[in-house]
Amino acid sequence: MPALRIILLFFLIVCAVAVSFSRRLLVSVSIYMAFSLVMAIVWLILESPDLAITEAAVGAGVTGILFFVMLKKIRSIHTNIMAENGADPQEQNAAVDRDMED
Amino acid sequence: MGSSIFTNYEEIAAVLLFVIGLMNLLMQPNLVKKIIGLDIMDCAIYLFLAAKGYIQGRMAPIYVDGILSADHYINPVPAGLVLTGIVVSVSVSALMMALTICLYREYHTLNLDEIMMLLHKQEREEELRLLSEGAGEGDT
Amino acid sequence: MTFVQNFPFFSIILSMFCAIVSSVLSGKAAKWLHLAMVTTVLFLSLGVLQYTLVTGESYTYMMGHYPAPWGNEIRIGPLEAIMAAAFALLMLLSVLGGLDHIEREVLGSKQNLFYILMDLLMSSLLALIYTNDLFTAYVFIEICTIAACGLIMAKKVGRVYVSAVRYMIMSLVGSGLFLIGLSLLYSITGHLLMSPAKEALENILPQSRYTVPMTVILLLLTIGLGIKSGLYPFHTWIPDAYGYTTPAASAVLSSLVSKGYIFLLIKLMVRVLPYGSLAGQHMTNVLFVFGIIGMIMGSVDAIRENNIRRMTSFSSVAQIGYIYMGLGLGTTAGMAAALFHVISHGAMKALLFVSISGLCETSGGRMDRLGLKGAGFRHKIAGLGFTVGSLSMIGMPLLTGFVSKYMFASAATTAEPVKMIAAWIALAISTTLNAVYFMRTVLVLYTWVPQEQREAKDYRPSGTEDAATLGLALMNLGLGIASPPVIAVLSKGLEIFG
Amino acid sequence: MSRRNPKYPGSFWEHFTQWRRGEYDPSQGKMEIKAPGKKPERGSWLPSALSQEMRDDYELGMKRRIGAFQRVYRVMALLLALTLTVLLLVTVSFLPAFGDVNAPENNEVARRYIEKGLEETGAVNIVAGMILDYRAFDTFGESCVLFIASCCVLILLKVDRDEDPHSQALEDMNDRHYEPNRDTVLQMAARLLVPVIIIFGIYVVLNGHLSPGGGFSGGAIIGSGLILYLTAFGFERTGRFMTEKLIKSLTLCALGFYCIAKSYSFYTGANHLDSFITPGVPGEILSAGLIVYLNICVGIVVACTMYSFYTLFRKGGY
């Protein structure tokens, strides 16, 4: 089934390019998780179930969680800084969003 | 050019992904995207290795029905290498994420270029300050 | 199998085990454990050196129950043993020299973590020296990289995070290139162990089909290791990484970590690459050119630098250029000179970084030249150490730097005439530039200052630091005076290295 | 030595002395921040004397220089990318075809791993047998990579209660953002899922030598189960059992056992001694010699490391 292989590989490349062009970091991280899942499927097709299960647990699971918690941590650090500077909440959120964008 | 370019889709995709990841790692000013680029680069290498281990029409390297002949299973070596490699890459990316948090706490930005520019300026001012102090000492 | 043959394996496992145990120890206990471990490794390596010199041949040691192409193995000869001994000695002296700074600059609850990093760094360096397996080398390269990053950021003040991030990014690019080169090499040879890979390459390289892949593979492996060891155009992370961290870490990073990668590259050149292959010749030419550029540009950058630690880091770039130039000569003599310079540069740089820390401390933490005026009077032993290190760098006879420069110059005569002339000119220019910036700094250290500025302000004398400085200075002197036996061991080891 | 007399300002010797001490640097282009046309007095370019205009000029010049550098850098990087792509594609085109039986890597090494693997290691999963027995040194190195990465993250993010009470308070305050205020949906889902996830993880670890998976993937699954539990119920609940002491001692025991067991096996192997480790009956849970125990160790280390990564990222402590 070369057609399926080519489609999956094409999807991988599209994901990789999309990561660098997406404006919001949250979107980039989600795309990366999709990338990992598709990579796991590709490895399943390549008869390497060990790799597939590891990639699904690690790439799409733990690494994704760590990315999310890192983004959330950055946001809370940011909120602290803004609060110290005495900015009002509306402005804070706008600033965080700006910061999370590229 | 060799002839394999028309059959090795996996390897070609791996090469393209490798270059995309490498460029993300080198060119993106944003640290988070740099880390994602790093992960993509590593994944690409593992895809290449896994594709090298595949043999048409054979099974995954787990014994089934007591068949011990090497003609029924694919090459297990690349899979082992990739398993080791995945652990390495997840450790490295966790470390990079921790560094990113610390950098953000220190400089309030995720953009490495901005941080470098800020440092440049600080260094310059520090240099001038030291020079002025030294000149003051020299005069007295 | 005699008991001595187990020693390399014991030293690797011992350092790993110490790291694991240190995770529950207090900082002080971890420190003593680390010092004891490094001393033990030093004596074990000396034992192995003596054994291999007596038997006069190298041997392989199986890591497990399975022989060569199936299991992991390590390979031990005189060259590996002397390198391991030198690395252990340098590690011991550097850590001793920076002991007080570690206690002050690393947070109390995290000191045991710092020593864990040191332990694992030692084990990864030993594994890089001894391993005969490419993938093992990759895994330990990663350990070495992460440990080095941890050492850079252990101080947690100022710009260390930026240094660590820049170091990590460049190193990861290097690892990525190394890993893909390794995968390509595996896909054309089918082996991960070095000796079977060489046999496979000898069989397939005559086919023209494999010329292009082999060249690309060598390019990737070399650039990967070159980035990690700070070869000139890829050196941008060096001044940051060495300039802002705690002194022991700077000394260890500059004198050992980059040398581990260079040793691996030498191993690749000798053990994997078939002798006289076309791709190998291209590779040596490229290394030669990069090395020469690095020798000169590194010194030029050092002259422009006002911060003394950054200046010394740039001088590392130049010295790494010397090593690559020696490898690029493509002859056995060039390789021997490069290997000797690996040890001698380690001794010089560790001495410089340890004494710089003392000098800066007596000058109120200032690192610019103006602030260091008269520091040589304030801290006599550090001033002496810096002077000895600088003279050695410049190539003063009786010191180790002179011997390595002499070896490079005489090795150049064994290469082609063009390379010989180029190497001589580069050596002359680089030595002059070295003299300019090091002598300038030494003159600043001994500039006349009023009597009240000759007293050290808020300075706590430290016995270990002085002892380490003197030890490193003696090592420089010893390597300079008693170089013939060391060179003999190196050339003997190089003969049976392949 | 009249030329050493400082009365001669601007003499070569004075410049040289200044340069040697680091007061004057001809190569660094101080010109761009000096007022044009006027020869500055010594000390006139001190920060206090710098007018705002000059600072702006300096910054503009700096920005322009950095901008130019970045443009060059981008072009170089693109060229590098193109060259690398072409080189690698050419290399790939010379490699053996995809799925080729006669490719060089399908040699006697892979053949022995498959044909003798069951007899020599006792593992039904050939990959597990390979990485934990034939090439165990690599795998031990890999566990050390994980260990050292967790040490580095500890150095970076661990906040010590005694040494730094201020940041500890700050971190605790920030952590309120994560605490769910009795989020019923999440808690119900977690109550249902967490046991299943953790049991599945344990299954994957214990069957590492029989089926796909192994210590690492199983450990990651257990770790994500613990993280889900923590997200749903907060530190109050997990703090009861996942304390710092427990994590440390579990990691120490697992890695220590791993190290000692593998040293024993390496030592006996290299010295051709008899080892008491036997492959056992293939297919049973307690077979395959050390592999099942090593998988358990790796699983424990990975689960603890993943959990502690999460907690350290979130509030710098356990």
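Order of writing sets the labels: A, B, C and D. Residues in every chain begin at 1.
Rule of thumb we're sticking to: a residue touches a chain if its C-beta (ideal position, glycine included) is under 8 Å from a C-beta of that chain, and two chains touch if they have at least 3 such contacts.
All values reported here derive from a predicted model rather than from experimental measurement.
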Open item on the list: What are the mutual neighbours of subunit A and subunit B in this structure?
Closed with: D
Open item on the list: Can you compute the centre-to-centre distance for subunit B and subunit C, using the mean CA position of each chain? Integer Å is fine.
Closed with: 24
- [ ] Provide the C-alpha centroid distance between subunit B and subunit D, rounded to the nearest whole angstrom.
- [x] 10
Task: Centre-to-centre distance between subunit D and subunit A (centres being mean Cα positions), rounded to whole Å - done: 17
Task: Multi-partner residues of subunit D (at least 2 other chains) - done: 21-23, 88, 90, 94-96, 103, 105-106, 109, 113, 125, 127, 135, 138, 141-142, 145, 148-149, 152, 156, 212, 214, 216, 309, 313
Open item on the list: Counting only residues that touch at least two other chains, what does the list for subunit A look like?
Closed with: 49-50, 54, 58, 62, 66, 70, 73, 77
Open item on the list: Residues of subunit C that contact two or more other chains, please.
Closed with: 135, 139, 142, 146, 149, 153, 180, 186-187, 209, 306, 368, 370
Open item on the list: So with touch defined the way it is at the top, what topology do the chains form here? Options are line, ring, star, complete, other.
Closed with: other
TODO: Kindly provide every pair of chains that touch.
DONE: A-B, A-D, B-C, B-D, C-D
- [ ] Please name which positions on subunit D make contact with subunit B in the complex.
- [x] 21-23, 42-43, 45-48, 50, 58-59, 62-63, 66, 70, 74, 77, 81, 84-85, 88-90, 92-101, 103, 105-106, 109-111, 113-115, 117-118, 124-127, 130-131, 135, 138-139, 141-143, 145-146, 148-150, 152-153, 156-157, 211-212, 214, 216, 282, 302, 309, 312-313
Task: subunit D residues touching subunit A - in the complex, by the definition given at the top - done: 125, 127-128, 170, 174, 177-178, 204, 212-214, 216-217, 220-221, 223-224, 227, 306, 309-310, 313-314
Open item on the list: Taking the touch rule as given, give the residues of subunit D at its contact with subunit C in the complex, in rising order.
Closed with: 19-23, 25, 27-28, 87-88, 90-91, 94-96, 103-109, 112-113, 120, 133-138, 140-142, 144-145, 147-149, 151-152, 154-156, 158, 160, 162-163, 248-249, 251-252, 255-256, 259-260, 263, 265-272, 275
TODO: Please give the residue numbers of subunit B that touch subunit A in the complex, ascending.
DONE: 9-10, 13, 16-17, 20-21, 23-24, 28, 30, 32-33, 35-37, 39-40, 43, 46-47, 50-51, 53-54, 58-62, 74, 78-79, 82-83, 86, 90, 93-94, 97, 100-101, 104-105, 108-110
Task: Complex interface listing, subunit A residues touching subunit B - done: 2, 5-6, 9-10, 12-13, 16-17, 19-20, 25, 28-29, 32, 35-36, 39, 42-43, 46-51, 54-55, 58-59, 62-63, 66-67, 70-71, 73-74, 77-78, 81, 99, 102
